[in-house]
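Per-chain numbering from 1; labels A, B and C assigned in written order.
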C-alpha cells in the first residue's frame, strides 16, 4: 500500500481534471473500477458541477530570471484551481497572491480556490521572506473550462442488494495521509473482498471531496436507499491511534461495530461524536439523508500540524500503519457480514452441553473462554439480540461470539433468525424530491477500459 | 441593586403585615406592580390564610431597667410572628423563650413561629450568657389579628399567553442574601424586560414564602396552566458560585437552559437534582402541579453558616455578584425567548455556502467558529432539534448557534417551524378539582396606586 | 448458623443419593420442608435425571498396604459420582485418575464427573508427589444405579399467590462457604419468615445445582409463572464484602432492592452485571424463563483460591458474616414486602404538616431527616413512584421512607394504590411448550415425615 501511495503521490489531482482521471486509472489497474464523467454545469442539489481544471506548468521567476517557485518541484506550489495567468509584477503586487504558514516556516501549505475564481502560489514562509524587491514573472499555465467531473465506483454484488459503502476523497494532490492512505487502503480492501462470498453488496467510491459526494448522492437515489452501513476512509497511514467519528445517528450498527473492533483490536482508540465538519460524512449525514456512515481515521483532520501541508508526505505514512488500518477495516466488514441473530432452540434452562462434548467433562473447575462464549450466546439468543449485541454485553471479542454461535448452530442448538432488510432502515425513506428522473442518469457512464472486469 | 437591597434591609417583614406592604410599595416604585390582599381565613388548598401580624416595638429590660435586647436595633431579635406580651419574669422563666446559636455565639438567629402562636426573642449566644439572674421586663408590642395576606405581581404580556414565571419570597426581615438579593435582581430583571418585544408573557411574583405560593397557586389556576418555564430566585448576592436546582421533572427546557447558560457563562456552576426541601419550588413542583420551575441560587439554603442569622447582612452580598446574577437571569430568559426550531431548506447535502459568502473562500484552511456554528445549525435543523438542542449537542454557546441560525434564515436557507403551544405541555393538565370558581377570585384585587401603569 | 453448617459439613453430598437426603432431613428439623423424589430417567427439558449415586468407602492403599488416600478422612478425596472400582495397578496406571492443584499443593480439590461415567481421586499435590512407584490397591465402594433425584421445598403462603423464590444448591460435600453457608442462611431466613404476616408467598428451594433447578423448573410451570422476585444464595459466610449479581433483565425490583439494601446496610458492596456463568440463576435467567432472579454472594464463585478446595472449610466461614448475610437477606425481603405505591391526597402544594404536628414548630431552622423523608414521600407519591423509587431518588434508606409513608398514611395524607399483580410481570408468559401435563406431576410427592407441619 505504501508503494502504491508512492506511485500516486506525484500526480497533481484536483476536484476535476486529468489528475483524478489518472489516479482512477491506476486504481482501476488493481480493482474493477467504473468511472463516471459528469458535465460541467450539471445541477446537483444546491450545487453545480464546476468547470474542469487542468494544469501543465506554473512558476514565479525572480528578477534574475530563475524560477524561485516551481510547480514542477511540488504541485502544492499552485493554489489549486488557479485561473491561468502570465504577467510581470512587483513583489508588492505579487504578495497578496502568496500563501504561507508562518508558524511552520519550512512547509508549503495546500490551499484551494474552487468556488471563487482566483490565482495564487503557496510556498514556505522562509521562501517568501527570502524574496527581494524587484520585478517577478508569474506564470500559471492552467485551463479552467467546461468539461467533466470524474469519479470512480467499484461495486461487488452480495446476496442482498443492501449495501455497505466505503468512500474516499481522491482530489488532493501530493498529500500522503490525506488522502493517498485512504485510497490505498480502500483499494486493497476491495481486493480482499473481491474473492469472497458476500452477504451485503459493497460499493467503493473514489470521488472528489464534497462536490463528488454531492454529485454521487444526487445521481444515485436508488443506491442511496440501499446503503445500510458506510465508512469514510481518510488519514489512515500516520502513526496516531485510531479515531472513529460516529454517524449523525450515533448508535447505528456501523458505529457500534467500529467501536467494538477498535476497542478489541487496536490500542487506545478514540470514539468521537458526530460533528458536521470533516470529510464527506458531512454529505452522507446531512439531515435529508442521515445515513449510517461514520469516518475512520488515525489523525483527525485539521488537528495535526502536518495537515494540508507539504509535511504530509510519504514519510508521514508508514507501511505498518497502513496494514493495521487495512486489517481493522476488514474486521469491521467481517462483523457487519456475520452479525446475525440466532434463536436458542432450548430456551428453557441451559441445554445439556456435556453430552454434546461442548462442556468440560470434569466438574468443579472453572470453565474456559470458549465455553463462556457458548453460554453467552445461548443465554442471549432470544431472536432479539444480534451477535454484536452479545459481544458488547459480554465484553468478549465478536469473533469468539461468532465462533461459538457457529458451533452451537452446527450442533442443532440454534436457528438463524431471518433477516428483515428493514432491520436498520434509515429514517429518511423518501427519495430526495428535487431530483428529476432525467437528472439521475445525466452523466455518461463509461466502463473503464482498464477494469479487471473488462479484461 | 445593592443600594436597593440596602433600602429594603431595615424593614421588619413577615408573611403578612405592613412590612411586606412597604416592601412591595418600594418595588412598585421601580416596576409596574399590582398588589393583592387576601383575607385572613381564606382556604387555600390544605392551608388557611393566617392572621395579619404587625409589630411596633419589642424589648427585654434587665434588672437595671436598660434594654438588653432591643427590636429597634435589629428586627431579628423578635421571634417573627410573636404574639404580644408584656410581663415581668425571672431569668429562668424567660430562658425557654430565648433562641440562640451556640456554635456562632455572636450572631442573632432568625426564627419564626407562624403556625403555632408563641412568643420569643432571638439573641446572640454571648448576649444570653451575659444575662444575670434577676427580674426582666419583657415587652412585645405586636398585634396578630384578622387582616390580609399581601403579595405583588408584575406581568408583561408577550406575543404568546404562555408564561415565564419568576418567583421570589419577600417575607424575610433584615436578611440580605435570603432574600433581598432575589428581590433586587428580580426587580431589575423586570426593568430590563419592560422595554422589550417578548415572545412569552412574563410574570414576576413577590410573595411571602410557602403560604404566598400556596395562595397564588390556589387563586390563579388559569395562569398556572399557562406557565411553561419558571425560576425561583433566591440567595443570588453572595460570593459563591452558582447553583441551579432542577425542577421535579428534571429535564425541562428551563432546566436545560439554566444548565447551559451557567456552564457557558459562569465559573464552575453546580447543577443540583430536585429535592422537595428548599424554597417555593416545593409548591410549584408539588405532584399535582409538577411545573417546570427550578431554583437559581448562589449559596444553597441551609448550607452556609450565615443562613438565617444576622450575619446574612448587607456585607454578605456584593454589587458585582448581584450584577452577575442579573446577567445570568437575563441570558436564561433570552435563551427561552429565542429557542426556536428551524428547518433546513436544503436537507440533501450541505447547501453551497461559498456562493452566498457564508464560507471561507480559500479552501484548505480550517474553518472558524462562526462557520462551524452554521454547519451545526444546518445539520441538525430537521424540524425536530431546537436551537438549545443544537447548542447542547455542539457544545457551542447558544448565542453562537442563534446568530448562525438568524444569518442562515436571512439567506433563505432555513424556515421557522411553527410553534405548538403544547410543545412542552405540563403533565398535569386538569385544573385542581378542589378550587371552586368563587374561591378563585376571592381576594380583592387592588391595583397599586404607586404602580407605573397607574401613574 | 455456623454450628448448623458444622453439623452438615461431614456429610458426603452429591446431586443425588443419601447425602442430600440426610441434609434435607436436618434442614427439615428446623423448618417445614417437603421433599420430592424424581426418578432416574425422567426427562426434564434438554436433560435427563441421572442415576442415583451412593458411596460407602473409598481409598488408595500403597505398596505397604496402608491407606494413602482415604475417603473416610475427607469426602473430597473421591471424584464425586465416581463409578465403583476395585483394582490393583501401578502408579503410572493410577496417575491419570489423580486430580491435584499444583498451585496450592496442600489443598485437596473438589471435582465431579456427573455426566461422564469415570472414577478418580482428588488429593493434595504434595500427597501425590510423595507417592512412590509400586503397586496400588484402589477401591471405590460406590453404586451408580437407577434411583431418584431428591430436593426440598419450604413454602409459606402469603396474602398474594405471587412468589418470592430463595434458591440454594445443596449438592456439595464438605465445602463450607459453597454452599453450607447458603443452606444455613436460607434455613434461618425461613425460620424468621415463618412467624410473620406476609404479603408475598415465599418459596425456599434446597436443590442439587443445575439438574435440580432444571428439574424443579420443568415440574413446576405454574409456580414458575408466579415468581415475582428471586434470590440465589451462595457463598455468604466468608469475610469478603457483599456481591450481588443482577438478573438477566438487570433492572428488576429484586435487582434494585438488593442494590439499595447493600448500599445502605453494608460496607462497599459490589453490584455485578448478569453473566450466564455462575449458579442456578443460569437456569432461572435462561431466555425462556428470564425470571427476576439475582444472586447474593460474598466471594464470587471461581474468583477466590479456596473455591472448590478443602480450604473452603469451617474456618473459612464465620458466625458474624453469616449473621450479617441473614440480616441483609431479611432486609431485602422486608423491602419487597413493603414496597407499595401511595397517592398524596393533597397533590396541589404541600399539605400543612405543622397543624398535624408533622413539622418542626419553630421556623428558620433546618429540618430533620424525618421531616425530609416526609417531604420526599409527599412529593413523589403520585401513584407512579413506589417507596423504593422514592428511596432511590432521595438517596434515603428505604426504612426511613417507609416509616414516613406509614406516618403520613395514618394521618390521612396518603392512600394506598391498589396492587396490580401484573406490576412486574415476567416477559415470558407462555408456559414452556415442551412440558406435557403428565410430566408435570411425574415425581412422587413425599411430605417429609420429619417436617414441623407433620409433627
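Worth pointing out:
Simple rule for what comes next: a residue touches a chain if its C-beta (ideal position, glycine included) is under 8 Å from a C-beta of that chain, and two chains touch if they have at least 3 such contacts.
All of these numbers come straight from a predicted model, not from anything done at the bench.
Its C-alpha atoms superposed on subunit C, subunit B is turned by 120 degrees; the angle is given in steps of 5.
Because subunit A and subunit B carry the same sequence, their contact can be compared by residue number, and under half of the numbers here are used by both. The geometric centre of subunit A is 54 Å away from that of subunit C, both derived from CA atoms. We define each chain's centre as the mean of its Cα atoms; on that basis subunit A and subunit B are separated by 54 Å.
For subunit B, no residue reaches two or more other chains under the stated contact definition.
Those residues of subunit B that touch subunit A in the shared complex are 344, 346-352, 354-355, 361-367, 372, 375-376, 378-382, 393-394.
Looking at the complex, you find that subunit B touches subunit C at residues 44-47, 79-80, 99, 109-116, 118, 210, 213-214, 217-218, 248, 275-277, 282-283, 285-290, 302, 308, 432, 434.
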